[in-house]
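Following: one structure in structure tokens, then a few remarks.
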Amino acid sequence: MTMEVALPHDLGNDARNDILAREKAYSLGLQRAGEWVSIWRIAGRYANLSIFDVASNDRLHEILWNLPLFRYMTIEVTPLARHPSDLSLTLE
Amino acid sequence: MTMEVALPHDLGNDARNDILAREKAYSLGLQRAGEWVSIWRIAGRYANLSIFDVASNDRLHEILWNLPLFRYMTIEVTPLARHPSDLSLTLE
Amino acid sequence: MTMEVALPHDLGNDARNDILAREKAYSLGLQRAGEWVSIWRIAGRYANLSIFDVASNDRLHEILWNLPLFRYMTIEVTPLARHPSDLSLTLE
Amino acid sequence: MTMEVALPHDLGNDARNDILAREKAYSLGLQRAGEWVSIWRIAGRYANLSIFDVASNDRLHEILWNLPLFRYMTIEVTPLARHPSDLSLTLE
Amino acid sequence: MTMEVALPHDLGNDARNDILAREKAYSLGLQRAGEWVSIWRIAGRYANLSIFDVASNDRLHEILWNLPLFRYMTIEVTPLARHPSDLSLTLE
Amino acid sequence: MTMEVALPHDLGNDARNDILAREKAYSLGLQRAGEWVSIWRIAGRYANLSIFDVASNDRLHEILWNLPLFRYMTIEVTPLARHPSDLSLTLE
Amino acid sequence: MTMEVALPHDLGNDARNDILAREKAYSLGLQRAGEWVSIWRIAGRYANLSIFDVASNDRLHEILWNLPLFRYMTIEVTPLARHPSDLSLTLE
Amino acid sequence: MTMEVALPHDLGNDARNDILAREKAYSLGLQRAGEWVSIWRIAGRYANLSIFDVASNDRLHEILWNLPLFRYMTIEVTPLARHPSDLSLTLE
Amino acid sequence: MTMEVALPHDLGNDARNDILAREKAYSLGLQRAGEWVSIWRIAGRYANLSIFDVASNDRLHEILWNLPLFRYMTIEVTPLARHPSDLSLTLE
Amino acid sequence: MTMEVALPHDLGNDARNDILAREKAYSLGLQRAGEWVSIWRIAGRYANLSIFDVASNDRLHEILWNLPLFRYMTIEVTPLARHPSDLSLTLE
């Protein structure tokens, strides 16, 4: 899934710093809980590529909808499944 | 990075099985070596989403160019960098 | 999810009828099992819009990958979740 | 049909809550009347996928035009017809 | 609705003339019946823009599916409704 | 030709009503004159599909440029010609 | 208007030379007649940008439909009108 | 090359008239100098299609960058070359 | 990599000049350091095409993220590798 | 400029090796002559990004049209000009 952020240019510095701090704390909490598996920056863009491991689409949407930056994001979800060439599955 | 496969309809069954076996072995070898970090199936498509960890763009291209299925694939590379909210970086 | 079919023009009539019969039987079986909830024809196109209710992305991909027409289809999966204005949820 | 919502960032909280309450009531009324057959949230987006069963395109447009959120929506209508593999039609 | 035609280059002249004659007869029949209201050529393309007046999406799809050229066409249906500025409606 | 309208959200009610009334009068005048042959609403969108019969591209642009809503519209012109399967031409 | 050519790879040399010679003669004839005003090569592509001055869309389509290469072309027509900053109009 | 203009809706009438007058004078000057060879209105859009004949890409960019409307324009440059079927080249 | 700039129309002249001066100084510094190898203007657009030679995607993103104009840019990164037909590699 | 190659799957090995050898020799010749300034592989694709320095669009098209692989390529030309932040221009 990719998330692209477009903050309004007229957002004040304080509002900006506040929302970014809340976003980071929210993401770290979900990473600790194991639902937000990985997050990478897409080079050159204010965007990330993330992997989630959640129980259902309902839970996935609940997580995304409550992102502090949700209203400034364009999110594209790509549903992933196990791949037959995945090494970790071969070893099981 | 995503890789989308379009095998020609007139490929015989033997040629098909042979190339798929070679593709799987090639992928497993690179996963064991740690350069092909993850691979997921994109649900509903003959395509995968993969994460690579390589020393350079030259090495990345060398790996992809030698995929047995390369000539039947459409590959899109998204360059990734560390994300400041990545939990594993926070812990270091 | 939408599925668009492009049958090769040089497919013989017998092969065509055979694959279409297998496709229909496969779809009816999954509808009876409750995993393939709805199917509509998209007017003017050789395509359908379908709703699935499955336990996981792995199961969804397994169903789609085994469609007799899979190799002739372009499939786009849209992950759906409960909507807060859904009447059936309001009544519960 | 999909409906994508883009609320202006400068809409006040009261105006926002008011319009969302009216939108929900409007949708529930049409669901009770049987014209708005289903509604799902598209995971990760402020958007829904809905199925309508109406007597004509004129009635469909009348319903959509009067959505409280209409002016903030981008709507894409996909005309649907019966599918020959639809189980409910097979049983009739 | 627009229909774009792509005839295979290896279609013989006889097969080509036969299918085009059947297509024209089919279209004229539906125009006489009043369901195919108008047809224009899109300048510079092997394509047409047509207006239909039919009782339902099911009927529309039945008409299009039985076009002799259907398998060579890419069809895009745009659902139309009455416009409040339509002169003929103003006069009623 | 399609015309898509995007009125600014901060347009006052009076200005809005005034411009819409002028737009409707302008359109009806051209319909009476026979240059604006048909107009339909595209279901679910603030947009129309219209057919014009004008003497030249210069006249077409003059008509469109003077639409009261022109500055809020995105217009796409599709040049149309007679179609050999048009019933009215066959009868002449 | 742009015209993009895609000749099939299996067209023999003789057939290729023959059709290209007929295409050139056809184009020169219309340039001499003043209907095909200008033709430029689009650098790096097997395509041209051309300006036509014709009496009607019907005549334009007749010209394009009879291009020897028509069946191998993708043509996009952009209707042009006089521009108020055109020097030649200013001088009249 | 095409240039599409999008003037901000809140530009005052005086500022608007002033910038349009300067744009027209600038264009006429370059047409007299022979660098701006042709300009047509694209019917139905606030846009033009223009042909330039300049010594280099540097000169082309200098001309475009100094257009009074440059900051409101979306410009797409298509590099053109001589076409072997061009009548004027055939006569030389 | 391409970078497209869209400065807000309401940016004052002083703020505009200041940010452009800082952007130029920043770019020249990286060119002197050898990381920003080349920069060209894309003719007719407020955009550039640039070549970077950096140690990693992390370093590339750090450079781009700190561009004074970053928040007004749309950046597209194309990862490049050595080409087997590159003359400089052939000579080594 | 980018060039994307799509070799037909049924091209024999000898024909393939022959055309690739001629392509490489052609490219090296133009690099030695200084007209083909740089060439990079686009990672993961059978494509390159190249910079040319030529006297005119006519010369550019002549070079590209005579590429041995031209008929299998999709080429996109981006006209480049000097950039005011280019270090080499600043030093002059």
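Read from first to last, the chains carry the letters A, B, C, D, E, F, G, H, I and J; within each, the first residue is number 1.
Convention: a contact is a pair of C-beta atoms (placed from the backbone, for glycine too) under 8 Å apart; a residue touches a chain by one contact, two chains touch by 3 or more.
Which chain is which protein? Per UniProt: A, B, C, D, E, F, G, H, I, J = Muconolactone Delta-isomerase.
Computed from a predicted structure; not experimentally measured.
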{"item": "Steps needed, at minimum, to go from subunit D to subunit F via contacts", "value": "1"}
{"item": "Chain pair among A-I, E-F or I-J whose interface repeats that of D-F, sharing over half of the contact pairs by residue number", "value": "A-I"}
{"item": "Chain pair with more C-beta contacts, B-C versus E-F", "value": "E-F"}
{"item": "Rounded Å distance, subunit B centre to subunit G centre (Cα mean)", "value": "44"}
{"item": "Mean-CA-position distance for subunit D and subunit B (Å)", "value": "39"}
{"item": "Separation of mean Cα positions, subunit C and subunit A [Å, integer]", "value": "29"}
{"item": "Multi-partner residues of subunit G (each touching 2 or more other chains)", "value": "41, 43-44, 57, 60-61, 77, 79-82"}
{"item": "Each pair of chains that touches, named by its two labels", "value": "A-B, A-C, A-D, A-I, B-C, B-I, B-J, C-D, C-E, D-E, D-F, E-F, E-G, F-G, F-H, G-H, G-J, H-I, H-J, I-J"}
{"item": "Residues of subunit F touching subunit G in the complex", "value": "56-58, 60-61, 77, 79-82"}
{"item": "Subunit C residues touching subunit B - in the complex, by the definition given at the top", "value": "1, 8, 57, 60-61, 64, 71, 75-77"}
{"item": "Footprint of subunit G on subunit H - complex, ascending", "value": "23-24, 27-28, 31-32, 38-44, 48-49, 51, 78-87, 90"}
{"item": "Touching residues (chain side subunit D, partner subunit A) in the complex", "value": "7, 9, 41, 43-45"}
